[in-house]
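Listed after this line are the structures, all set down as structure tokens.
Presented sequentially are two complexes of chain A, the first with chain B as partner and the second with chain C.
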Partner chain A sequence: MAVASLPHGAPDAHHGGVDQLYAETRELRLQGFLLFLVSDVVLFSSFIFAYLYMRSSGQGWPPPGIGRLDVAFAALNSVVLFGSGATMHYALENWKHGHFNRYALLMVATIILGAAFLGGQGYEYTNLIYNEHVTWAGSGVFGASFFTLTGMHGFHVFVGVWYLTILLLQSVQGIYTKDKYFGLTAGTLYWHFVDVIWVVLFSIFYLI
Partner chain B sequence: MATTTEHEHEHSGGIADHIHPEPQGFIRRYVFSIDHKIIGIQYIITGFVFLMLSGLLAEVIRTQLLHPTGGFVSNDTYNEVYSVHGSAMVWLVIIPLVTGGFGNFVMPLQIGARDVAFPWLNMLSFWMFPLAGLMLFSSFLMGAPVAGWTEYPPMSLQAGPGTSMWCAAIFLIGVSSTLTGINFLVTILRMRAPGMTFTRMPLFVWAQLATAPLSMVATTALAAALAALFMERQFGVPFYDPTKGGSPLLWQHMFWFYSHPAVYIMVLPAFGVISEVLPTFSRKPIFGYKLIAFSSVAIALAGFMVWAHHMFTSGLAPYLQLPFMILTFTIAIPTGVKIFSWVATLWGGKIHFTSAMLFAVGFLALFTLGGITGIFLAAVPFDLHVHGTYFVVAHFHYVLVGGSLMGLFAGTYYWFPKMSGRMMNETLGKLHFWLFFIGFNGTFLPQHWLGILGMPRRVPVYDPQFTSWNQFSSYSSYLMTFGILLFFINLLMSIRTGKKAGANPWGARTLEWQIPSPPHYYNFKHIPTVYGLPYDFSYPLPYSGLDQELTDAPGPASTLAGAH
Partner chain C sequence: MINFPMLERVFAVVGGIIVGGVAAHALRVDWKTPGLDNAIFKLMLALLALGGVIAMLAGLNVLGNFGKA
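Up next, the complex of A and B:
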């Protein structure tokens, strides 16, 4: 908290100033970013509440006329997404240890896995809409809650894939250093957040 | 940050001493400014413009109700008018003014910071506000919302396209509110001056600290409810329509999960203003500093657990009514702690009845009355009787106008000298107070018994037996509006011709009064160190490092000039 402890022109300000400034800025941005994720959690929670509320007040779930969702495929797709969480984690670890090539490889893997998850979701949507005739607006609260929540999550993954791509390009350009890589930390946090949300969504839509 | 070189930071010792050079040019300084003080004033000006507009809508309502058969505007227009009046007063006037306006201007100064944590984000939050306002008022052009500020389905699903515009506008102002909440929370948690521990923070900062998580969390829940309403209206996605399996009650749950905490978003910062004004003009330490501080947090937390008391007549299960009733009663405890602490602050003080102080004392009276009727309404049997009547209208106007708006007026009279460097006219200020206070009570006091007698809210006509009290209420409301008119005249006049204020015209002790009025771009020449509470009037000021603030000594801007 004692952010003003260094007096002007103190001997160590020449070097210390830059790092201290960076450290403090990093702390602020980290906290701000975490709070942003908290508010995003609330956004998902509100829709999850809406889903559970509608589900509990209806006549059985899934409602009559709608089949159960394909758990096996979704489980496979989930493994893809969780795998990308693991590659993301090791990408950041390798960055911290200065292994740039391994970092870049793992980032590329994360991006490909994220895109593959989106592809899987696209396949699932297509199947639901064209074969099962379950749609967003035309299948009652089932379609509304399923497509809204998984769509919101898919949008977050979509944004995340672009976000990680931009981070990768930035790190290739040399914007981040071994000590100063807040963008990468934020990207990792965001990606793990997307993973955790999916754990909840998978449980409430496919398992229960 | 990453591209700066060592040379550029030769003089800096961290964020507190790190400042950007003052922006040049009118646009960068006063329009797209990232300075929290300018942004605060921008919020205040914009908020007052919307106050005038939605005040005019209020007068349309009162003029319509002069006669039992109405006739001033059509019944459909009347529905639009009260819906936009309520929405605008909540989202475009009170919330932006108490957080974005006064929070922005005062809070960073009071904690001894140079700005908020994310100045650029702050600017972004501000510019969403006038845009959202324009969107909300533009809904009049396409058939404004007609289901009141609460927009319950199914009515809000059946209304014209203006309701979708309403959704978008409120969503936008909600995003702005959320971002401001995040910004303020990080600022208060991380950017306080050395020595300013949590229990040395001014109470206005405590109030903002309690409010910020509410704006952040509750508003996001509202965003979900609004998005669902928007999707249902525009794309037919069923959430609330019972014929498609949706539930109108779902909206009520989601809406009130936000809107009850929103009540505290609106009133907690006003509590903070009162906690600054009362000790300053009583020349006496605030009574029960920690109790006032912690009760703000208690109110904020409890505010999340009481939303269903708005739904006692909506078919809420009886076994849920009792816990919500009791939880609502418990909110009266921390609120009562505050009221008694304020009264004890006045007790034995050397009271100066400036305009700011008059509004603060008026706040105490009116807010207490509004709080007491709140307890009435929390009691299920009484609520079943008066739900949807003018009793409710009277209750929430006592807390929102008598509470929040009076607090805003007190804050304006109190901090105007700091913002502008000039004093407001005290004679006009006192006239404003008395016209407003008498007019307000004349307007809303009779509505209590109109409600108990059964006059329903949101209806353009009424039973002729209520005529005389309605006319009394309407004529009083003109008096109140005239008072507000004097306030605006006072503002416009004082900003040009008010007498010079000097740094500390009130003899107040919080940090913002120890620097020039208006403050420099960089706020403090040196970040001060804090040794104690700002309310101990008998001791020397609990700060060091401020001795050059009021001298000609160069500020940090000159030492850093050209650095970036």
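Up next, the complex of A and C:
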């Protein structure tokens, strides 16, 4: 709030005032963003535990008439998403060290890998719906929980891809500097969060 | 004739090793970095490395091996 209330062209806007304000409020903004991520963890956790409860209450899993999911393809798609987490981490590291070109390259790689994961998920959905006849509404608890959780995660990835694209454009425009880059830190945290949620979803839907 | 499931598994295993290794290396490098954000990054990197290992094991058919349904 204090940052927003500073008028443009204020005497101290290009000197010590804004920098000092940035330093003083950085921890607060970080904590606020972490609270947002925690709220997302609560959202996913409630769906995950509901799924696990219903799964443990049923007779066998997946239910009769529904085939096993394609583990090999999902593992490959997971590696694509996890790889994007690694490229995002090194993009931020390169930004911290002032290597802009490497940062931009790694950001583009992250965005492409994120989009590739979405493409893979779309392919898997198409295969499930048209070949296996597994649908959100017509396949009981399995279909509902699978499409709800993976769809919710996919939406987060979709938002993340746009988020990272905007961050890349902003950094090209010079909005972030070597010392002031909280937006990039928040973007990296968000992207790691999306990765980590997929570790859980991949395990519970495909491996156990 | 290309065996796509086998190709998927090979790429999953190789990718899992690379991602797990890179995440573990980044975690080792950042281990002593202070700060709340870096503490979260370290947790995320550890889970990312775990994800790489899980994907690799799934590719190797060690995890998620249900046989024919």
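In the analysis below, the second predicted complex is superposed on the first by the 190 of 208 C-alpha atoms of A that agree within 3 Å, B and C clash if a C-alpha of one lies under 4 Å from a C-alpha of the other, contacts with A are read in each partner's own complex, and residues count from 1 in each chain.
Simple rule for what comes next: a residue touches a chain if its C-beta (ideal position, glycine included) is under 8 Å from a C-beta of that chain, and two chains touch if they have at least 3 such contacts.
Every value quoted in this text rests on a predicted model; they were computed, and no experiment measured them.
A.B. asks: One more residue to check, A:A137. First (chain B), second (chain C), both or neither?
C.D. replies: After superposing on A, A:A137 lies in contact with chain B but is clear of chain C.
A.B. asks: Looking at A:G85, would you say it contacts chain B, chain C, both, or neither? Reply first, second, both or neither.
C.D. replies: After superposing on A, A:G85 lies in contact with chain C but is clear of chain B.
A.B. asks: Pick one for A:V71: touches chain B only (first), chain C only (second), both, or neither.
C.D. replies: second
A.B. asks: Considering only the touch criterion stated at the top, classify A:F193 as touching first (chain B), second (chain C), both, or neither.
C.D. replies: second
A.B. asks: Does chain A have more residues touched by chain B or by chain C?
C.D. replies: It is B that touches the greater number of chain A residues.
A.B. asks: With both complexes overlaid on chain A, does A:E27 touch chain B (first), chain C (second), both or neither?
C.D. replies: A:E27 contacts both chain B and chain C.
A.B. asks: Which chain A residues are contacted by chain C in one complex and by chain B in the other?
C.D. replies: Touching chain B in the first complex and chain C in the second, residues 27, 31 of chain A appear in both lists.
A.B. asks: Quick check: in the complex, which residue numbers of chain A touch chain B?
C.D. replies: Residues 1-10, 13-18, 20-22, 24-25, 27-28, 31-32, 35-36, 38-40, 42-43, 45-47, 49-50, 53-54, 57-58, 63, 136-137, 140-141, 143-144, 147-148, 175-177, 180 of chain A touch chain B in their complex.
A.B. asks: In the complex of these two chains, what residues of chain B are touching chain A?
C.D. replies: Chain B reaches chain A through residues 1-2, 4, 6, 9-18, 117-118, 121, 178, 181-183, 185-186, 189-194, 216-217, 220-221, 223-225, 228, 231, 235-239, 244-247, 250, 253-254, 257, 526-527, 559.
A.B. asks: Applying the document's contact rule, which stretches of chain A touch chain C when the two form their complex?
C.D. replies: 27, 30-31, 34, 62, 67-68, 71-76, 78-80, 82-83, 85-86, 89-90, 93, 185, 188-189, 192-193, 195-196, 198-199, 202-203, 206-207
A.B. asks: What residues of chain C sit close enough to touch chain A in their complex?
C.D. replies: Listed in rising order, the residues of chain C that touch chain A are 5, 8-9, 11-12, 15-16, 18-19, 22-23, 26, 36-37, 40-41, 44-45, 47-48, 50-52, 54-55, 58-59, 63-66, 69.
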